[in-house]
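Before any comments, here is the structure.
We call the chains A, B, C, D, E and F, going by the order they appear; numbering starts again at 1 in every chain.
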Amino acid sequence: MTTLIVIDQPPYGSWTGREAMDMLFSLAAFDQPAALLFIGAGVNWLRRSQNASGIGQKTVEKNLSAAPLFGVDRIYAEQAACDRFLPDAGQRVNGVELAPSVKQLLDQHDHVFFAG
Amino acid sequence: MPTLLSYTLVITGAPWSSQAPQTALTFARALIDAGHRLDRLFLYGEGVHLASALSAPPSDEPHWPQEWSAFLTEHRIAGVACIASALRRGLVDEREQARYELSAHNLRAPFQIAGLGEWVDGTLTSDRVMYFHGSA
Amino acid sequence: MKQAQDIGTLHILNKAPDHPRFMTCLSSLSDQDTLVLIENAVLALSDADTALPRHTVALEADTEARGLSATVTGAQQISHAQLVELTEHHSRIISW
Amino acid sequence: MTTLIVIDQPPYGSWTGREAMDMLFSLAAFDQPAALLFIGAGVNWLRRSQNASGIGQKTVEKNLSAAPLFGVDRIYAEQAACDRFLPDAGQRVNGVELAPSVKQLLDQHDHVFFAG
Amino acid sequence: MPTLLSYTLVITGAPWSSQAPQTALTFARALIDAGHRLDRLFLYGEGVHLASALSAPPSDEPHWPQEWSAFLTEHRIAGVACIASALRRGLVDEREQARYELSAHNLRAPFQIAGLGEWVDGTLTSDRVMYFHGSA
Amino acid sequence: MKQAQDIGTLHILNKAPDHPRFMTCLSSLSDQDTLVLIENAVLALSDADTALPRHTVALEADTEARGLSATVTGAQQISHAQLVELTEHHSRIISW
């Protein structure tokens, strides 16, 4: 069974994305294949050079870069949302695959759920 | 006659900031009435507030923590609040109270506190896993 | 990766029509999928700006609460028992 | 000082609108002039024939009809949002004034805030 | 030199579901540093969770209830959780615990529980009233 | 009903650009008003689909958190101390 977790909320404004990452890592810890998809304003998770110390939080970039180490299969980002918020590939963290069709990606996974 | 199925329900929306606990409860009653089995209710994120023992809404308003608690007890269904979500948001049982040297515990019976492994188990063993999110 | 009994996906949507997730959901449906409107999403039934897909149903408790049950023409209204039946017949369910 | 409370969330999906009504009634109880404005999907508060017993809640129509009794000055609804969700005046509860311009209404009040 | 002003801050967004408690705290520190006065912090709706005495986030995460509590105590500022919002959501002091025969109380000092009159008073007497909502 | 010192309203906006309240806010501004982007709203600075008004400022702690502080050109970045100053000079403040 393959699981896809979808994040459409931007980072820092709420905790839902972080808690979805915890779910992702739990699946990986139990050797369950899992991937992550950022859509809409959620793609702002993927911007380089974040520094959340001024708002008293930990930078989410570190959570993300840990994903491959924890056995997370793939990190996808909606193409249209990247065109809107992060058009230049150099603005994005490494290892992100662009998804031209959200629908197609949803169809490829057995278990799909949103981060709250 | 349809095949009987097992379900895991996950609530991420809080009572009084979302309709999730109420929708999930009506759905849970309907699935039991249809002869299916509810393996587990899993509370995550803001959903953990449903397990508060201290909610005291006005008497003419719905009392979702109480209604869920009665339903889980009647049908002997496990209700689990995710430990990480619960500790952040101030929902603790006696054990966590002692461990973190807190002044009280406020987890409503029969809810328990446990890790995300309970949710992973649901995704592996229940026939259906359904999520009840907030709508904002 | 699809289930054996391929009758499409059951999409359960609870967001109001002006929520960004509402449109993402609508644009992610296949022809054989079923869309269930619950909670705030039933307001789409009274929304001049929203065109709903063919296989749309709405939870009656939610349409009634919002004063819509008498006027709805765009979707069949279902009970929670019927929603349970839909989940019996769809092994693939997405809650939006 | 005149206060305007703005509700843009539909009823029942959350408690913010109800809690905003409590704020409105508190102002009125202290003889402070207060009005209410529904915009966007929030105009669905104003539909006739609501019945929330099936979702275990009290129907908000009653909260609203109490507003004039409690001394609330006016209830406004954004014209464009009504055109979208409640085009027929007969669908709306009594006593609602249509506001062609949200901006103008905001400008007419000293203290403006949103229901959460 | 600018005129010194008085402020009432209202938080309606919950910790861990919104940034509101953190934004409001940084703003509150800046207004005190500028010589202004904070009359009162008023917690409303989901914002009342900021007054929980039982929050226990991981030690490397921000602890907003603790930080706000320390700030209010240091500057002798009143922190008020709306009684109706708090009772629904399971935030109670000793008095409400007794009145509703609950198993515990979980209001963090120096927060108090009081009615909306405190907020109305703020709108009438403070020079500025600012709202910190959730962003979802 | 306007205050004596009429320099416009201070609008403090914390919603992401795809939130319905974001557009309502932008369409409710007058020429003499000031818009402060905080929290998720600072993402508008990187949003190809949003045109911001002339008097827009953004809270620097929030642009930095989101990796935007180095690239922002559409708005002045301000500290919390400067936000306090703005609230000194505006008796009329709306939090969106």
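As a convention for this text, contacts are C-beta pairs under 8 Å (C-beta built on N, C-alpha and C of every residue); 3 or more make two chains touch, one makes a residue touch a chain.
This structure is a prediction, so every number in the text was calculated from the model and none was measured.
Student: If you take the chains that touch chain B and keep only those that also touch chain C, what is left?
Tutor: Per touch definition, common to chain B and chain C: A, D.
Student: Taking the mean of the C-alpha atoms as each chain's centre, how many Å separate chain B from chain F?
Tutor: Distance between chain centres: 39 Å.
Student: Can you compute the centre-to-centre distance for chain D and chain E, using the mean CA position of each chain? Integer Å is fine.
Tutor: 26
Student: Need the CA-centroid distance for the pair chain E / chain F, whole Å please.
Tutor: The separation of the two C-alpha centroids amounts to 24 Å.
Student: Quick check: what residues of chain D touch more than one other chain, meaning two or more?
Tutor: Residues 9, 12-13, 15-16, 40-41, 55, 57, 113-114 of chain D touch two or more partner chains.
Student: What positions in chain F touch 2 or more of the other chains?
Tutor: In chain F, 14, 16, 18-20, 39-40, 61, 95-96 touch at least two other chains.
Student: Touching at least two other chains at once: which residues of chain E meet that condition?
Tutor: 16-17, 19, 23, 26, 45-46, 61, 84, 88, 129, 131, 133-136 - these are the residues of chain E that touch more than one other chain.
Student: Just spell out which pairs of chains touch, all of them.
Tutor: Those chain pairs satisfying the definition are A-B, A-C, A-E, A-F, B-C, B-D, B-E, C-D, C-F, D-E, D-F, E-F.
Student: Tell me, which parts of chain B touch chain A in their complex?
Tutor: Residue positions touching the partner: 10, 12-13, 44-46, 84-85, 88, 115-117, 119-120, 123-124, 129, 131, 133-134.
Student: Which residues of chain A touch chain E in the complex?
Tutor: For this pair, the touching residues of chain A are 9, 12-16, 55-58.
Student: Per the contact definition, I'd like the list of chain B residues that touch chain D in the complex.
Tutor: 16-19, 22-23, 26, 60-62, 67, 134-136
Student: For the complex, which residues does chain E have touching chain F?
Tutor: It is residues 2-3, 5, 7, 19-20, 23, 26-27, 29-31, 33-34, 36, 127-133, 135 of chain E that touch chain F.
Student: State the interface residues of chain F toward chain C in the complex, per the touch definition above.
Tutor: Of all residues in chain F, those touching chain C are 18-20.
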